[in-house]
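You will see chain A twice below: alongside chain B first, and alongside chain C after that.
After this line comes the complex of A and B, so read on.
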């Protein structure tokens, strides 16, 4: 058999296979700091046929591989530890865009924001909007079941994917469509969010969402974080469904206002809520007025309302660029991700503050409050071993507190490598074993993104294979 | 209908399944399959279930956890849709599954069959409204997937896998569901749209536009009579704040003559227009067969219900 490297070169061309350590340096990390893994080889197919041929070659060699989009993932899911990295960013064609059906079919390397840009002339957009949307790819979004601020109203990636063509790790090409519309198992639902462990997307058909007739963005500022969390609960309980409901605390506000992304947030506020209502023009002012009244009832000092696009964009810029702004504070940033029931938010924020103080780390909270989806972020220096150890310890305690509150360890960033240690705290052995069984349906050889999502030792083998027992 | 088995706990159910999964298939054809019953209203759904005893989930019935401000609820699988509706209505909320069929059906069956209703596009399909499940798979594993939170990507998505699997991968015992606030204003209208191309396209534009209703269903004359509507009609439900519904109502008025009805008309229509469960033509491709093999290799759960992989 031809060695893997030359075979891949034959398929995609010499320029698109990297094998020297110096060439592979850039692929040692994704957006999770402090964790580096060097791939043995990187291959970048430029067309669908090349992708299929590459996966088949990997299968023929029994070679494990890790699919990667833009490498913006925050859980270490795209790290390839001594195996082949399969980069998909060259597969970036929008194959079809149907304004009447409100759908688009795209290759996996299409950048999220570019899809929305392509849909914009038709009054449509792609709704899931992770903060990395200017760089992250639709294929990566499907792998992670990505969310974003606006998924409070519009739903996560799962709610917007209608169909996917998937190259299974053994090289077979299958079409998965919405299992609840045709008689069949919801294999598409099982695939979305499988973090690259079930196969590689060759193309995906997504729903495009009509732009709202009108949008109103409100910024409410509070003198305590608890009051801001309380306002969140009141808005949700009142039955208003904002398009987005984001909370930023003082350390985040300071970082943003000291940066080039300054959005005019009040620097002396303990927290601000960014609330957006959108939809039909009729009745929208009433929703905005209700949100403002609920914020004031919860103790807001002031509420600013923005309706013109420039002012709205400025309010949002601080939120969307908050992670970048934290680059001023320290060289590395842990962007954490956990979810709790919405009524536990205020309590958890107190707990997180106490954990940060105990471990002497600076925690900046900027998160999707309306979903109860926390993002406690810690700017730190990964090269400072003592600080890195304290950050790690603090994050472990934050995860434990979220689990104890009836929450989960990730709402949109995935498990990857980073969250593996918490899986056994969250799920029973039987449940983890069942997850392994689900993976085995798609990738029985376990070559796709090996060692991610479910701890390997959690997988019991089903020894008595049905075929061996004469079952149909 | 009498049940052969009515386990009181999920552990007892797992033991029952495990004993059968572990036993060799008897040459004498002893019945070891289990036919899962929620309300037992769909026991014969086209495909005969082979060699099965009747498994009642009656012990898994009722509201188990409900904090209204979280907008989530946890219920036993045999809780009826009517019970779920009554519990949440008391707090101005609902779980808008509102599937075709009557409200004596169970929540577990609705999720297991992924049955949608007239409001699914706007208010959510079963796969979007179920946040987590407790279930026992065909090997006897007790699986607790997903959770009580509204966003969750921890681990592979077993919740989506069992939703719509018709009980052939796992028996669902408990569910965590997403709730929504009921619309502040909720109006049901019968609209007599003329059967012209122009009128049809106006209706289509309305349902795609910014004032889109929660749902629209075409109703034949016989069914219209049952809800007090004058002749064949379109049943339209509008929801939102007062100003939005007022404007939407004006838009509906331009589509045809309007009769206002009680929201209860929807229960009648959902029951009358419920299609027979579609159980023919199940897609048994290689992935589907492997899924069944991994979760119920001994064919304990609803054997034969979906036909068999060939």
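After this line comes the complex of A and C, so read on.
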């Protein structure tokens, strides 16, 4: 058999196969700072036929592989530890856009924001809007079941994907369809969010959403984080469904306001809430007025309304670039993702603050308050071993507190490599075993994204599949 | 802070978020993360750490392929000073391995007036005789482009008008530049006329030279420093309050003289004082807010604005060029998609790496065609020639002009009517 490298070169061309260690430096990490794993080889197919041929070649060699889009993931899910990295970023064509059916069919490497840009002339947009939407790809969004600020009202990726052409790890091409009346099990639903462990998408058909007739964005500022969390509960309890409901605390505000994405958030606030209401123009002012009143009742010091698109965009840019802006504060950064019952937000934020104080680390909170999806981030200096240890300990306690409060360990970033240790705290052995069994339906050889999502030793039959352990 | 610390802190500021990827023209064209800002930051860090060798082509090829457009800087939430990191890394690389021959040749010419002046005179001759236009048509892609670039700098005779101004806005001196004065002299004259008309008193600055941007970007910091010192001295002698630059690349360099000469105790303060006086021509003109009579009669020209990277990303001057164009009554602005993306000119990049450069240029030409513009306006000689050359080669009827030229034409029309 031809060795893998030359065979892949024959398929995609020399320029798109990297094998030397110095060529692979840039592919050792995704957007989760701190975790690095060196791939053995990287291959970048540039067309659908090339993708299928590459996956088949990998199958013929029994080679494990990790799919990667733009590498914007925050759980280390796209790290290829000594195996092949399958980059899908060159597959970036929008294959079809049907304004009447309100659907688009795209290749996996299409950037999320570029799909919305292409749909905009038709008064449509692609609703899932992760903060990395300017860079992240639809293929990655499908793998992670990505959310975003506006998923509070519009739903996550799962709610917007209608159909996918999937290349299974053995090279078989299948179509997973979820037409509204498709009978049988929802295999597409199982595939979305499988973090690259079930196969690779060759194309995805997504729903496009009509732009709302009108949008009002409010910025409420609070002198305590608790009051901001309380306002969140009041808004939801009042039966209002904002398009987005985001909370940022003071350390986050400071980072954003020092960056080029400074949005004009009040630097002296303990927290701000970014609330967006949208929909039919009629009645929207009433919703906005109600949100403002509820914020004030919860103790808001001031509420600002942005109606012109430029100011709205500025307020949102600040929120969406907040994670990156924390790079200003310290050289390294832990980005976390957890979900807690919304009613216990205020209490959990107090707990998190106490954990931060006890370990002397600076926790910045920026999160989707409306659905209880927390993102506690800690900027720190990894060269300082003592600080790094304290950060690690604090993060473990934060996750434990979220689990204890009835929450879970990831809202949208995925388990990847980073959250692997928490899986056994959250699920029983039987449940983890069931997950392994589901995976076997798609990838019995367990070659796709090996070593991610479910801890290897949790799968009772793990040792039956040596390829999955990353052995060549 | 010394240059080692500065480099280390700049590299550490990157949190790998990847938001720079879609802003990077070479990543979009080459589709390899080694050719993205995030990838290059990792490569520069590996070089700084000494974990890779300075002669490893797998590393240096990607750093050489960077345009230095700094489009990543205005996309970066954590404020990575990418341009600074690249310049520092290239200066270190230049010591460790030879600079490409073409680059050395061009840089040597630009640093010597006795070579530069005849070279530019010869270029004007080739342009005026029609030789450049002929070669642009008949030569194959790689060879024809430089002649197309040259041919695109030809201008119809400008309608000269006599500006009147009160000089109330203080004294200014124009950095006439090397390529600007050599190939775009009419743009310099236009800049002088509109400066006077908007209330600026012009001073001469004899003895000024090439700004050194090409050298600094290629890693030849020593030559850039020599040129900077001569320019600082020349403009000090002029006594001007403001130093006006109509070339975005030169303006960005001049604004960074303080940093360039930070290590030189005899010059650092003078360099910082010089840099503080530098303004892009559009900044000065937009601040003066010229109001020209509307031309109801004359035909309006559809103009698309393309932002030079060193104006948009390096100097962060975004609105003033649009204000200048709006002030020209004959101009009808049309939007240009991706106007903040590099055209692939990047100093001498298009001469050293013609293949990548033309791949970066291709989407720019497509967006210009889609815009329906008759003229694309951009305030930098490199961009004017790159886009202009690309338009010539593609047989497009669109021309590339400097925004100040269009403002000057607006004044000329008004003057003609009086």
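The definition used in the following text is that the second predicted complex is superposed on the first by the 459 of 472 C-alpha atoms of A that agree within 3 Å, B and C clash if a C-alpha of one lies under 4 Å from a C-alpha of the other, contacts with A are read in each partner's own complex, and residues count from 1 in each chain.
Convention: contacts are C-beta pairs under 8 Å (C-beta built on N, C-alpha and C of every residue); 3 or more make two chains touch, one makes a residue touch a chain.
Note that this is a predicted model, so its numbers are computed, not measured.
So, does A:241 touch the first partner chain B, the second partner chain C, both, or neither?
first
Of the two partners chain B and chain C, indicate the one touching more residues belonging to chain A.
The partner making contact with more of chain A's residues is B.
One more residue to check, A:158. First (chain B), second (chain C), both or neither?
Only chain B; A:158 stays clear of chain C.
Of the two partner chains, chain B (first) and chain C (second), which one does A:323 touch, if any: first, second, both, or neither?
Touch partner of A:323: chain C, not chain B.
Would you check which partner chain A:439 touches, where first means chain B only, second means chain C only, and both and neither mean what they say?
first
Taking the superposition on A as described, I'd like to know which of chain B and chain C A:333 touches: first, second, both or neither.
Touch partner of A:333: chain C, not chain B.
Can A:286 be said to touch chain B (first), chain C (second), both, or neither?
first
So in the superposed three-chain picture, is A:447 touching just chain B, just chain C, both, or none of them (first/second/both/neither)?
A:447 sits against neither chain B nor chain C.
Answer with first, second, both or neither: which of chain B and chain C does A:259 touch in the superposed model?
Second partner only.
Under the contact definition given at the top, report the residues of chain A touching chain B in one complex and chain C in the other.
Touching chain B and chain C on chain A: no residues.
Applying the document's contact rule, which stretches of chain B touch chain A when the two form their complex?
For chain B paired with chain A, touching residues are 25, 67-72, 92-93, 114, 116, 125-128, 137, 139, 141-145, 147-158, 160-161, 163-165, 169, 180-184, 208, 210-211, 240-248, 278-283, 285-288, 290-291, 293-295, 297-299, 306, 308-309.
Within the complex, which stretch of chain A touches chain C?
Counting only chain A, the residues touching chain C are 15-16, 18, 20, 22-23, 25-33, 44, 46, 70-72, 87, 89-90, 111, 113-114, 132, 134-136, 258-261, 321-328, 331-333.
Of all residues in chain C, which touch chain A in the complex?
Result: residues 9, 12-22, 31-34, 36, 38-40, 42-43, 46, 52, 56, 58-59, 74-80 of chain C touch chain A.
Which part of chain A faces chain B closely enough to touch in the complex?
Residue list for chain A touching chain B: 144-145, 147, 151, 155-156, 158-159, 172, 174, 179-180, 182-187, 189-190, 192-194, 197-198, 210, 212-213, 233, 236-241, 279-287, 339-343, 368, 371-373, 406-415, 419, 423, 426-428, 430-435, 437-442, 444, 453-454, 462, 464-466, 469-472.
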